[in-house]
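See below for the structure under consideration.
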Amino acid sequence: MDLNSIYSELILEHSQNSHNYRRIDAPTLSHKGHNPSCGDEITLQLKLESEIIKDAAFSGVGCAISKASTSILIDLITDKTKQEALNLVDTFIGMIKREVTNEEELEILEDALAFQNISNLPARVKCAVLAWHTLKKSLE
Amino acid sequence: MQNFMQDIRKDFPALSQQINEKSLIYFDNAATTHKPKQVIDALTTYYEKFNANPHRGAHYLSIKSTEIYEDARETVRKFIHAKSSKEIIFTKNATESLNILAFSYAMNLVEEGDEIVVSILEHHSNLLPWQQVAKLKGATLKFLYLNKDGGIKDTEIESKITKKTKLVSITHMSNALGNINPIEKITTYAHQYGAKVILDGAQSVPHMTIDVGKLGIDFMVFSGHKMLAPMGIGVLYGKEALLKEMKPFLFGGNMIEYVYEDYASFAELPFKLEAGTQNVEGALGLMTAINYINEIGMEKIQAIEADLTSYALEKLTNLDEVVLYGSKNSKDRGAVISFNIKDVHPHDTASILDSYGVAVRAGHHCAQPLMRYLEIPATTRASFSFYNTKEEIDFFVESLKKVRRWLGYGS
Amino acid sequence: MQNFMQDIRKDFPALSQQINEKSLIYFDNAATTHKPKQVIDALTTYYEKFNANPHRGAHYLSIKSTEIYEDARETVRKFIHAKSSKEIIFTKNATESLNILAFSYAMNLVEEGDEIVVSILEHHSNLLPWQQVAKLKGATLKFLYLNKDGGIKDTEIESKITKKTKLVSITHMSNALGNINPIEKITTYAHQYGAKVILDGAQSVPHMTIDVGKLGIDFMVFSGHKMLAPMGIGVLYGKEALLKEMKPFLFGGNMIEYVYEDYASFAELPFKLEAGTQNVEGALGLMTAINYINEIGMEKIQAIEADLTSYALEKLTNLDEVVLYGSKNSKDRGAVISFNIKDVHPHDTASILDSYGVAVRAGHHCAQPLMRYLEIPATTRASFSFYNTKEEIDFFVESLKKVRRWLGYGS
Amino acid sequence: MDLNSIYSELILEHSQNSHNYRRIDAPTLSHKGHNPSCGDEITLQLKLESEIIKDAAFSGVGCAISKASTSILIDLITDKTKQEALNLVDTFIGMIKREVTNEEELEILEDALAFQNISNLPARVKCAVLAWHTLKKSLE
């Protein structure tokens, strides 16, 4: 297991003092995601304007991986349409499950590609996908 | 001591593994322990030479299986100093034992307005069954809270256990903090009011000499897998007179006397509470594990584990980045240390330690109310067995020191 | 075939034993089977290399244990052709599975005046739980009785299953007589009235291909130890939508989502129904046993066992002193033969056979109402597995012939 | 295991057509003993006259061992006092459990000594002691 690929610069940056770790005034959507087995609990807030995600932020407690994953997700979906965001979620989950492996298809995940190897750490997969599942539930 | 430890460790094949190209350091003993080859071999021999359904057959293998199963019961009886082997019921784990007590005993004992007392330290398995009983019966669940040290004060006991109390169900040793609770005080106090006391011995029976009579408890539960035996076998101890009153929990083969189409009468103790084909090899594994423990001697085990614990506590106390939970006094605790590293979530700590081959647990340790009470989301837990060593603790502490750096903190 | 049998038997160390200075002939397979060395070795490897508490740890061993446990679930799912692994609940035995259904499902389904239908063939484990539900709910327990052949006639099904029926719980294959019941007919009929059907597959799952969908049943239970796996592991299958409705049976660790002092929410399927530390090695043993069965092929197993059964039936039919029970037609039965020797109590028969190394069972086979219905106190039962041989049957029959002489009868 | 010592002449004789297998008119005591795990069920009838067992008989179903043991018991206790009968029971149970081993002490068991080796057949001990336990219960 290569810890370097998990606790990378990028992930550490996003897990500490993330610019997305804040609260939005008057969000249009606010959804709590939790991982009872670890105690992770993240609230995702979204501001939608006619199908476009204008702003997003998160709060709560979680490990470095779940926080980084949430923060990177937020960077990725900001200014995207709901449909684009859902597509990103599916691609991300597909990548984690090793169902989507085509590199071109994965490209759209940008920084979130950092989690490609998380399945080498099966106990932490739940941390990496928490925010993505939460987003999906909140948009659907 | 050095030689003794080397010999002991040779008995446990799992301990000499490489994990992630590092030597395994197994500090998750409060979750489950490894098994000595004596236990593994006993199972193999059982499958090769015995293996039959006990209590029902007139043939040789069945008779042998019956003997093994009943010898195991007698071994457990002696180990916890129960009066009669009728007081030993085999179950699948401590959780089932507690559910039997909740649904076959407490449901007939507790009435509306009565109180059931537990502590805020309880494992979910010693909490959820009582929530159910309280809900179904309209009774109240009361909690013994902790002082700063993680201990339960006398005044807390005296104010919570009252004449309304019908039942106290309390852990002997906390799996989350390692604290040992003042059981004799609690039983004396509870019995004054005629309340019954259930002891969750899941963490204590493997690590200290237990005399159910001296403790004065009415029931006790524990699991084999935390004491060198396989998973799938647990024990419910109860005073004979109390078990006798109990209605069966599971109904089916083995626990009957006469069965008619619309009615059945039940077997005597202990069979009344053991329905269906029992886990004979699990009972054999538990017997073999107890024999192994007895051969080393529980006092020696306790001494080794106490020594490891105070050694580790001292080392961890010296690390600025470590926050410790539970009693500072190693006399009040078993071989469980719960801690956190500043700014680091326990899951990251556990994953990083795992990459060094060190197995610890991170999470709520099935004690969410305790975590909430302590206002922390989770802890990292290192729990020792007599087969662990100070060298392992040294390596663990060195690895711990690297955790913050992995997460990008200066040190 | 000869070679195949020799190879197979080498996999089972217990079969090559001497008992009372005679070669063991093990004909008590309906009680429990022996274990192939593949299963024994899998357990040993597990203890030496894995062994940890699954689902709770971030460390390597815990992850491995989780994988093994969930692989086992998936293996069971495929074996019985269930749709989702959420439909597979691990229990300690078939008896516990039936009790879960009684107390967590039927108690919420059945109301006063409703009817529960079982057959007179049921094992106590598939009778006593329903007696309890009937009693607690004021419902009626109805019995499907047998025709002379031991079979259940269509008219019996049609007259007993009515619009009052909420639940039918029926054995697939009788452990006492060997009869195979007409399950598809029963499910079709029961479902017409919206009644749910529980299948006791303890005797059938080890011996025939099971497709829960084709059978149309709602739930099924079975035990590992009757199918080459260890004791202490059983299965409850249920349609996902039905299991989802069910309340938990045991409460404690592992089956929770959030726990507060006075309230808890529960995990999703299958975990909701698996409280406390599970028998991981038992699940692994069951997976290995299923893989072993699959490697031989269930069709081959069925063919061998059918062949042994008709061979034995023919031989026994030719003995004047033998009274046979159950269907005369070997197509309607599994590899179980119940019989008595004239003037001889089955216990004497079993003891005498034991002295020749032949292990059979004598008694009521946990089916007292059936014995009463047949107006016999007990039977002797020989039950075969694919690892038995015709030579063993020959020896058994020769030994049987000596029984009456031992008891002082001319022949 | 030596079957000959179990299925001996004496035991076979008593297990088949025992002269004690009958019913007593107007017994003073009648007690049912059972062994649910085997289905053995034996009814013991006694006619007591001022502490003396004047007559005894049994009926029911059982294996050769339980029937023989019952029949031998009856021969032994007929014309004995209640106290003597209870003493015989204790000695017999003691013999089976291997707690009474002194030969002189055992002598009083006469034909019942035939069951001395039944503990080599542990599954059948219950059969051998059924009637004795039943007698004890009925006299107490």
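The letters A, B, C and D name the chains in turn, as written, and every chain counts its residues from 1.
Going forward, a contact is a pair of C-beta atoms (placed from the backbone, for glycine too) under 8 Å apart; a residue touches a chain by one contact, two chains touch by 3 or more.
All values reported here derive from a predicted model rather than from experimental measurement.
J.: Starting at chain A, figure out the least number of steps needed to reach chain D through touching chains.
T.: 2
J.: Figure out the least number of contact steps between chain A and chain C, where 1 means they touch directly.
T.: When the steps are counted carefully, the minimum from chain A to chain C is 1.
J.: Can you give the whole-Å distance between the Cα centres of chain C and chain D?
T.: Their C-alpha centroids are separated by 38 Å.
J.: Quick one: chain B and chain C, Cα centre-to-centre, how many Å?
T.: Inter-chain centre distance comes to 32 Å.
J.: Hey, how far is the Cα centre of chain B from the one of chain D, in Å?
T.: One centre to the other, that is 47 Å.
J.: Two-or-more-chain contact residues of chain B, please, as numbers and ranges.
T.: 20, 56-59, 62, 256, 258, 347, 350-351, 354, 362-363, 368
J.: If I count partner chains per residue in chain A, which residues reach a count of at least 2?
T.: 37, 123-124
J.: So in the complex, the part of chain D that touches chain C is made up of which residues?
T.: It is residues 1, 3, 6-7, 9, 12-13, 15-16, 37-41, 61-65, 121, 123-124, 127 of chain D that touch chain C.
J.: Within their complex, state which residues of chain B touch chain A.
T.: Interface residues on chain B, with respect to chain A: 20, 344-348, 350-352, 354-355, 362-364, 368, 371, 377-378, 406-408.
J.: Which part of chain C faces chain B closely enough to touch in the complex?
T.: Chain C residues touching chain B: 13-14, 17, 19-20, 24, 26, 28, 31-32, 34-35, 39-40, 43-44, 47-53, 56-62, 92-96, 98-99, 102, 120, 123-129, 131-132, 134, 141, 143, 223, 225, 230-234, 249-254, 256, 258-264, 275-282, 347, 350-351, 353-354, 358-363, 366, 368-369, 372.
J.: Spell out the part of chain D that touches chain B in their complex, as residue ranges.
T.: 34, 36-37, 122-124
J.: Under the stated contact criterion, what part of chain B meets chain D in this complex?
T.: For chain B paired with chain D, touching residues are 55-59, 62-63, 66-67, 256-258, 267.
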